[in-house]
Amino acid sequence: MAKYSIILGNLGNTCDRFLSSGYKDALPKEELIKQASQIEGVKGVELVGTWDVSSDNVDKVGEMLANHNLQCVSIIPDYFSQKRWGRGSLSAKDPEIRKQAIEYTFECVEMARKLGCTTLNLWPGQDGYDYVLQSNIALERRYLMENIREIAKASPDINFALEYKPKEPRNFCFMARASDTLLLAKETALDNVGVTIDTGHAFVAGENVAESIVILQEYGRKLFHMHFNDNYGHWDDDMIVGSVHFPLFVETLFWLRETNYTGWLSMDQYPYREDGQGALAESVAFLQMIESRLTDGVMQELRDLMNRGNAVESQRWLRRTFFK
Amino acid sequence: MAKYSIILGNLGNTCDRFLSSGYKDALPKEELIKQASQIEGVKGVELVGTWDVSSDNVDKVGEMLANHNLQCVSIIPDYFSQKRWGRGSLSAKDPEIRKQAIEYTFECVEMARKLGCTTLNLWPGQDGYDYVLQSNIALERRYLMENIREIAKASPDINFALEYKPKEPRNFCFMARASDTLLLAKETALDNVGVTIDTGHAFVAGENVAESIVILQEYGRKLFHMHFNDNYGHWDDDMIVGSVHFPLFVETLFWLRETNYTGWLSMDQYPYREDGQGALAESVAFLQMIESRLTDGVMQELRDLMNRGNAVESQRWLRRTFFK
Amino acid sequence: MAKYSIILGNLGNTCDRFLSSGYKDALPKEELIKQASQIEGVKGVELVGTWDVSSDNVDKVGEMLANHNLQCVSIIPDYFSQKRWGRGSLSAKDPEIRKQAIEYTFECVEMARKLGCTTLNLWPGQDGYDYVLQSNIALERRYLMENIREIAKASPDINFALEYKPKEPRNFCFMARASDTLLLAKETALDNVGVTIDTGHAFVAGENVAESIVILQEYGRKLFHMHFNDNYGHWDDDMIVGSVHFPLFVETLFWLRETNYTGWLSMDQYPYREDGQGALAESVAFLQMIESRLTDGVMQELRDLMNRGNAVESQRWLRRTFFK
Amino acid sequence: MAKYSIILGNLGNTCDRFLSSGYKDALPKEELIKQASQIEGVKGVELVGTWDVSSDNVDKVGEMLANHNLQCVSIIPDYFSQKRWGRGSLSAKDPEIRKQAIEYTFECVEMARKLGCTTLNLWPGQDGYDYVLQSNIALERRYLMENIREIAKASPDINFALEYKPKEPRNFCFMARASDTLLLAKETALDNVGVTIDTGHAFVAGENVAESIVILQEYGRKLFHMHFNDNYGHWDDDMIVGSVHFPLFVETLFWLRETNYTGWLSMDQYPYREDGQGALAESVAFLQMIESRLTDGVMQELRDLMNRGNAVESQRWLRRTFFK
């Protein structure tokens, strides 16, 4: 079985632009951590900067994780929830903001070290633009790459997993798709810079997740991390895994194993109106249900199916293998 | 179990704009009909005008159907495959074309009568526009409604099921969504005018099929017919049912039964590169797998789930009920 | 020239799910009203419940509007920014919530009367569902219609303009498209219930706005109100009008005049990182630029173009008429 | 002014899956070439294999082009219109088909040499898959890269411009997005392999064309060719340029000049029901209208606008600069 983790904030309150105070009540951090530890199969958590962890509370948070036998899988620096990042962080037009973003990221590197965590999951969601003619695209993309290179070069003990998403909160984000982001990672020429796939972000990008996995692994083993959720294909609805799609999750888990991905399968959702713990637990259970079928024998059956490419046969195989 | 049917042409050759001669070889009509009759659970076929049936061969086609114990479920008038309809049929700007479209539809009514078929499935795919400022929208929509009313009023023994689709072959089709088309049907004020849902068309329209079923049934029991296929949500890919989505087909079959839909479940696909018979058979098998779980007890469980509205619980129920 | 208005909150702070405290600073209400009054051509404002107006401050707000010579064009009841509406308002499963929603709407009717405002723009954005099997769709849609009917029947001096949007904040909203919402309006059988088109919501729904206008006007003169903004076609980006599209706004203004729409053209945007006043002013200027070209002579030219339906000719006409 | 060209077949008959015989009548090749030569500003044509040019008629076609003073801008090998390519060409599972695809491409190289043409525009539209579990993605993507490398390495006098498109005719094409295709081009490690942007394909991929230009130019000056058309953002509608969008074409032309793109601006449309010559001429006129405004002074104004990033200011500038 793969290693399963969750993003801590998924268990807490979640808001949107219309209900900014959130749909639920905020819970104490220790309660969130306890809930995470109770989800069957979950051994790790990801912590979002500001929301979950900061230089001030990192030791305390580390203790709580230890108390509940949870590993810190990644820190996700907060490049998005503060007014100062509203027009970008690592690629902002304002040099002072870029400087602050670099310094803050180094701070996150320190937090990671304190927590024995080896991955920073970078999602610079505010880095991009909303309108045409609003960005000096060439220059600002260069800022982004150079700043990531500077940080990663100075932190060889940490892996930097770049998470892409086509849009939201910007109409166009610079790290938009698997291959765009891989190009940026490769441009740094550093082994410790790779890519995170969020399945929902990939759907919105029109990608078949399995193919994104293959591209990242084939061009330099650059798949560093996985976030799981489901959506209707048009927006990052951040739903329970399996609540919309089914066959593609089989193909996704097949290629993760086939390309020897050994990282975490992390749940990343926004259960606005749902019980967070339940939503994450159900997602893990769904993926484990699929994973448990992927024995060595079944892996070979799948290879054979793919090499024949007969869709009728594959659909029949899916129905007979998975459904009662 | 519901009544299952297929569209005959799905078994034959299929082309697109790049490979206009088609991906497969054309088969003799009798062979198509024989193949249809061999699909487990299928008792009826739909015939497309020109492609499958015309005034000239209707008797012969009727014999073939009888020989293979198949019922003619509907005739789909050909409003799309001839140059004369290229700029519209029942709503064309040219009055001569509108007249021809009306006459041709009456011809199809006659064919239906000869075949003991009580439904015309109208899909005027060329009726719409591609560019802004290209259509006198008010006038042309009125032509469409009036001409359908004229035909349906004169043919009270035939049901006219209006099939909607947001785009293709026009960038904007006049019968675009469930509710647009229901409004048009109601405007005729005729009991024998209703609506066909094609699941794939509904996905492209951004509809939840279950809700479209409810709307059509609640506002006057106007769901006349169902076409089934699957796609990725952005285009009418016309794929095997269940090859992309799963939970929504459960909800779809629930609401068909809950609203006492007694019509056919018809497979409508474009298996460009697949074995047509296999693609249709697999689709039927997938739907029957779901349908067979929907016992009276399960129907009540579903009602209870919907009334509680707890998504975590519903997803868990789906996983435990359907997956091994 | 048409009557132009804006939504007051567009001038203030705007947030999203990642930056919940907002991208800008909050301004005093009087400052917002003053800014609105300064936008060239703007004579009215729309007020959102809770955010802009409540029973407690309605008199004070009325004074401010009077001081700045602004008319209250509509009140938009707050069905979305409070935790109690998080799972729906007028169609909530919980009868107590539905009751509160009705009472609150009557409160808004009173506010409108105090402000000499004749329109309530109802956008029950939380009414819908996120997951399949989460809603008793038939029952909840009925609640929505019956409650709107009850309120509107008791308030014959007020027009109720139902604003549709396919998704956000729910993955599926019950008032999703022009025709769905028109059906609901017609089901009330009340003259004072109609529909609001938000151009951006219509784009997301895949609608051509011009055709939505025609449908609403042809089936009973039910277009009650217009909200304007632009987006990239996939999400409600709420951008400056004309920043993405051009020709369709010409067609939109043509059909508004052609169908004798005499209501307001109201700007509804989310200028997250922009100067709000500037964004709204530029949108008004863009629409007025188009409107000023639509002389009686040009209206006739457009009718002729539409009746000929020659896209090459229409595009040439657009280029020569509008571009330098 | 940039160099403008068109794809010859755009002037002829065009079909779709419903009207496979096409919406118009086929014209003699010489008539198509004559029509191309009459479009103001057009100096070159692209020829599609099989449809427009083959080894058998290449000399004759060359004469016709010379007679009408037209340059052959590129040859687009036919990897899509023959049954043998229905399941892929350069990446087909069947080694015999891959071999034929390589041989045929070398044939096209020869045709290009005979016509004094230095570019092959490769669009292997059938290379991809429709269903999950249908492709050995890693292996088949490798075939594609290796075969292109083999061909390009053996033909150093020819540039190979790889044209991407997310879907159609396959639900997932291997050359799907700008960056995916750039990665493949870079993997060949050959200077004569680059990328073609088709603006409409980029819209469907959710790309901002300007950013795709920047990515291709920044990572190795790999933008080899440009195809122009417009669409509604969801499908490759292949419409007249400017019929949907406006501001983005300004940004597109800015970045082409800013990154010193010196290739052709080629019109690539499917004027199904339109006069082909008119559709192409209007597209060229629209782009030239924009281009003629982009003086050195305006280029500097645009740089300043982009560096400030004030969307209100940019939209005002666009309105005042371009509209009457």
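The letters A, B, C and D name the chains in turn, as written, and every chain counts its residues from 1.
As a working rule, a residue touches a chain if its C-beta (ideal position, glycine included) is under 8 Å from a C-beta of that chain, and two chains touch if they have at least 3 such contacts.
This one's a predicted model, so the numbers in the text were calculated from it and none came from an experiment.
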item	value
Per Cα centroids, the chain farthest from chain D	C
Of B-D and B-C, pair with higher C-beta contact tally	B-C
Distance between the centres, which are taken as Cα means, of chain D and chain B, whole angstrom	35
Set of chain A residues in contact with two or more other chains	87, 130-132, 167, 206, 232, 234, 240, 243, 247-248, 273, 310-311, 315, 318
Interfacial residue positions of chain C with respect to chain A in the complex	14-23, 80-83, 85-87, 125-126, 130-132, 167-169, 171, 232, 234-235, 237, 239-240, 243, 270, 272-273
Chain D partner contacts - residues on chain A that touch it in the complex	87, 93, 129-138, 141-142, 166-167, 172, 176-180, 182-183, 187, 204-208, 210-211, 214-215, 217-219, 247-248, 250-251, 254-255, 258-259, 302-303, 305-307, 309-311, 314-315, 317-318
Complex contacts: residues of chain D adjacent to chain C	206, 232-234, 240, 242-248, 271, 273-275, 278-279, 281-282, 285-286, 289, 293, 310-313, 315-316, 318-319, 321-324
